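Please go over the structures that come below.
Shared chain: subunit A. Partners: subunit B in the first complex, subunit C in the second.
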Partner chain A sequence: MSSKLTRSNRAGWLFALPGFSLLFLFIIVPFFFAFWLSLTNQRLVSPNPTEFIGLKNYRDLLSVSIITLEPERTEAGEVVRDKDGEIEYPRVRTITRSDEFPQYRGMQEWFRWQSGDTAKVVIAADVVFMKALVNTLTFALFIVPIQGGGALLLALLINQKLRGINAYRTIYFMPVVISIVVISLLWRFIYSGNEGLLNNILSALTFGAFTPVDWLGNTETALGSIIAMSAWQAMGFHMVIWLAGLQSISPTLYEAASIEGASKWQTFRYVTWPGLRNTAVLVLIVITMQSFAVFAQVDVMTNGGPLDSTQTLVFQTVERGYGKQDISGGATISVILFLMVLMISAVQAFLTRERK
Partner chain B sequence: MATLRLKDVRKSYGNAHVIKGVDLEIDDGEFTVFVGPSGCGKSTLLRMISGLEDITSGTLEIDGQVVNDLPPKERGIAMVFQSYAIFPHMTVRENVAFGLTIAGASKAEKEEKVAEAARILQMEHLLDRRPSQLSGGQRQRVAIGRAIVRKPKVFLFDEPLSNLDAALRMDMRMEIGKLHEQLDATMVYVTHDQVEAMTLADKIVVLKDGLVMQVGSPMELYHAPANLFVAGFLGAPSMNFVTVDVQSRDAAQAQVSNAALEPIAVAHKGRIAGEGKAVLGIRPQHVRAAQPGQGMLHGQVMLTERLGAETVVDLKLKDGSKFIATFAEDRVFEPGESVDLTFDPAQAHLFAPEDTTSAPH
Partner chain C sequence: MTLTKTTLGALAASTLLAGGAAAQTDLSLWYHGAGNEVESNILNGIIADFNAAQSDWSVSVESFPQQSYNDSVVASALAGNLPCILDVDGPVMPNWAWAGYLQPLPISEDAIEGHLESTIGRWDGEIYGVGLWDAAVALYTRDSTLEALGLRRPTLEEPWTKDEFMAALDAAKATGDYDYPLDLGTAWTGEWYPYAYSPFLQSFGGDIVDRSTYDTAEGALNGDAAIAFGEWWQSLFAEGYAPGTSQDPADRDTGFIEGKYAFSWNGNWAAATTLEGVDDVIFLPAPDFGNGPIIGAGSWQFGVSSACEHPEGAAAFVEHALQDKYLAAFSDGIGLIPGTKDAAQMTEKYAEGGPLAVFFDLSAEQSLVRPVSPGYVVAAKVFEKALSDIANGADVADTLDAAVDEIDDDIETNQGYGH
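Entry: the complex of A and B
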């Protein structure tokens, strides 16, 4: 079969060649190259030869441990407290730097909680990576329902036969065609702490009672702000996908439902939503994949800050691979990201499969 | 169980007048069929009864109550669509129970009514299948099942059989007939299949361009068409029309003839004014071959179709018009052969030329 393909389609293959070789060079080769790089200590520019180091890059990123800190005690065995009454613990670095615990060497505190008198401290080999991982998951967790649900609502609104509905369609779709970099720059002004649009609107609405917030400069609000803006930006794209799904539902099904006396909600539940099943799976998986790849917004709006509160996996990949010239570290993150997205999509596809 | 009454019902889409004033009464338990050429407004009229289309003017009464502004669910109707319109993601059971689910019926009630509908339609073995696993006929059965579980006052069918193949259509036609006897419900049925109309209907409504051309029982329409359109629309092959000259006219009959037709007297039923031209309608089945040189109609054979049980002959009459005759026997005619035909003038119909007026009803 393949021999026939190559023989009789020589011209076809020739035409496909330029496109195919570009794809091969810039997608397929780097894909496998990343796997290889993640197993070496390659730097972007380096006089030293590349060494194969196995899974060390993965250990350096993923190692996490919990250590238990006993409170400091007086000779009499009393728990030592500071002047606010908080229990005092030995410093984490007494453990991570001690020769007694070579397995914790170089790790840093990520977060801690208290249980009884003792403190449990989670230490990670790479705290920034861990923060990026958690932020990315948080981002996806919020974006998927907000963006998917919002897009569905817009699509339902826009699917009506109203005068001038095309104007609305255009307006909602506009953010999708504008470059994300431009949008991020605009939203930096909107979120700005002193004279930002959002602060102005909020204080106008509350007659000045609202104290301005530096939305992107605050660890509490920075990630949320990026999530809100990102959800809005790509909503139009998914709206169009939902719309296509909506329009593929036969109008007679709606007529049948109305003859049977279905209310608006029942019509949605029994006709529209089941008819959108395949669309829903597509939207779900596409939004998930896109949200794991969040980069431009972070790069333009916060650069991962403040205090790493908006670090994301792709941002870390780029920062390490190119910023710090640690191309093998960057490759390792991208491989981890790839496996994560693959797994999540597979689980989603499995959970939403057609049950017979 | 319901009566339906339409009074001067009209429908326009902007400047397009689709239904131009329909008056109609449908009795309780009656099987009424709307027929007419494509685009005449059959579906539109049915959808106006269902409430899927609103009524531009006029009134629609169900059981004496004006329902113009009621939504479909409050009219007590059920509808079966040409494209089945069953829900693809639901099992047959869920589809049939849909109306009950919507109304919030209990599980036990649903079970019972679905079982009854399935028994009536003989589809107990299909209840757990999905629509994709059904044939066209079975799907239409599901749609009918969904219609009957709610015990509606009026059933509406919009060409329910036209997506089925010929053999299945015949089966389903008989089943719908049986269903009507069993349920004894008021049914309105749209079709453009004459056979469906003739076999199922208690009352046929012939529509053309948004107007009722004639209302009556199938045999009334067949034997006493009120106008040229109805005469030509019902019956296959359709009625022959011969343009004739009116020689004289008395209260009941007119003396007519032309180059191919010997003078005969035909009842005119007040449809022609006086002397001048008229159209004589003769069904192909109502002519017999006469002895050569005798008979009332003279022509020449153009083409013969021998079907075994009958023979269909295309003739060219002496006045140049075309004429089709069917003989209930296998008989050989040679092309070019002269043929003389005879018929019973009581079975012929006389119309004014180009008449389209609807019959009084």
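Entry: the complex of A and C
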């Protein structure tokens, strides 16, 4: 194996050198730098010397515990219920802020469920981080199929010999070239609660039956709105990759299929899709990585709100590192994010490997 | 041989040039007002006057857009490239002083005699910055609205109580004429939140941090007074008194003028436009929620960077800039509240009987600076998030507890911020 890379291949290495050194300087060195910072208490602005604090930053982000709340009881031992019949529990702050339980100090409720009369409450040291983690995973989970599938559909549509097809190609590719900040601003108007374009269209289509929704100001719709807009925005980029894949499939295969009398679906299933295998792996991995880095949309459109429903990991990294001057906290999140993306990409690469 | 000659010639020329410049030592100045022509013209005028009036110092200015000004300063401080004179926002000043970006401003007490206390930036017993102006917030409404709703007109001596204020909102709501009775300006994110809304909290008896020690927010931001404030704050949105955090920025700018809101909580900088659109606009003092009527204070100030070798030159410039005529010019030009009573008399709008004179009194009577601590920069962010979460329906006590924990953690990791 070593032969090809090392022997008499000086020109190859020379050509790779500029790329490698840039990657090394701007990706690999900063990663190790971030890893080191995450073990210290480095601040953005501070006259105090930086100290090594071990894994404290990781503990502050990742600690999670479950506490059990016993229902409030009357003196007779009966469970107290409020006017809706729901069982009343003592507040979580009676535990997290009590000197009896120093181990739970500073933790907040993340979510809870009820088992019998007691309530199980999951408390986390950093609820905002946990919500950002869940939101980012949700974002990726929806973006990958929507954006990848939509892009394939567009690629199939524009892979035809029609008059003016280049105009369509340009139009679909346009959002990729426009700055994401500009697009986010435009979509903020589209999603606007009172006179937004989306609300106007929906109420026109339903003859006024539709009640306007404040898309970005509502915890239920905010993340979905950002997902929809993001999927649309980068679709054109992946469309081009799919298109390249489509055009690399030999036309003789299609000719053979039509001579055999294959239907359109059969042609797609047995000729096009197998021919796109490598492209599909590439698109899958690229979209996954990009979706974990979602930032600009959130920063421009919602600032992580309402009620943390659109917090994401990269947004939190920036918010902490620069907004709250906590460089080490931001570095810790970016290390965790890096390890997550690395792991997921490795699993994807393993699952989609060529089986002999 | 030719080389030597050229070198000698260049040497001689540069010596001549240096000789000419040596009379005036160059002082660089950074300012946050890039993009505002009126503001730049006034500042350039002050600098030209100063450079012409004495022969020791020559000030040259470099302007930055306000949005990226603080980031630029932090970045150049890390790179060791600070100018001599720095423009600094009042609440940020302690952070920069603590971080060692600023050195005390060697200005005489005579020069700041009679200036609004909120324009003087003090930290650790020293003066670090002096401002030419201040800003103030008032409750905008129309004279006709008060009359139609049959409300007492509050005064500085006798502001509305919480009950009177809520009764006023109820009365406005009952008419059905308004989208919302009150416009708080929740569309403006960032420093507006702690600047405009923390005075409500202080008027309830709470605060962002405990100002007696500055080492914790426990009790101040999550005590009974703060929870009462939080419940009240949440009710403003839950019961439809005010538009929530997704308020359209355009409504914030023109909603009151168009009559969408009966009352608007807004700063003096918006007064000029409002006067043009609404003939009978009046500016009411902040209501008293139990602990006195309070509004925020502290605006941009001039300070000396730690990199400056001639603080006495910087102080000379600041003393020059503090003349009443310049305070009045800034006020007339961009609508700010002049820093002295005498300067106020020289302006069109803030002079006795002028349409905005009330803002000078508000500044003098009701204002309280934001917590004077290097940790304020972080606490302000935490406070903003807590308030917008509560407005969106988060549990009040839990949200304030979380904010306290975050502020306390930050104070601890910064070893008490030098208090």
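In the analysis below, the second predicted complex is superposed on the first by the 328 of 356 C-alpha atoms of A that agree within 3 Å, B and C clash if a C-alpha of one lies under 4 Å from a C-alpha of the other, contacts with A are read in each partner's own complex, and residues count from 1 in each chain.
FYI, a contact is a pair of C-beta atoms (placed from the backbone, for glycine too) under 8 Å apart; a residue touches a chain by one contact, two chains touch by 3 or more.
None of the values given here were measured: they were computed from a predicted structure.
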Joint occupancy of subunit A by subunit B and subunit C, clash or fit: fit
Computed vertex angle (subunit A) for partners subunit B and subunit C, CA, steps of 10°: 140
Partner chain in contact with A:Glu220 - subunit B first, subunit C second, else both or neither: neither
First (subunit B), second (subunit C), both or neither touched by A:Gln266: first
First (subunit B), second (subunit C), both or neither touched by A:Asn194: second
Touching partner for A:Thr252 - first (subunit B), second (subunit C), both, neither: first
Touching partner for A:Glu78 - first (subunit B), second (subunit C), both, neither: neither
Touching partner for A:Pro274 - first (subunit B), second (subunit C), both, neither: first
Between subunit B and subunit C, more extensive residue contact with subunit A: C
Minimum C-alpha spacing, chains overlaid - subunit B and subunit C, in Å: 54
Common interface residues of subunit A - those touching subunit B in one complex and subunit C in the other: none
In the complex with subunit A, residue positions of subunit C that touch it: 71, 74, 77, 95-96, 98-100, 189, 244-246, 248, 377-378, 381-382, 388-389, 392-394, 397-398, 401-402, 405, 409-410, 413-415, 418
List of subunit A residues in touch with subunit B within their complex: 250, 252-253, 255-263, 266, 270-271, 274-275, 277
Complex interface listing, subunit B residues touching subunit A: 50-52, 71-73, 77-79, 81, 83, 85-90, 98-99, 101-103, 146, 150
Complex contact set, residues of subunit A against subunit C: 41, 43-48, 60, 91-93, 96-97, 106, 108-109, 127, 192-195, 214, 216-217, 219, 303, 305-308, 319, 322-326
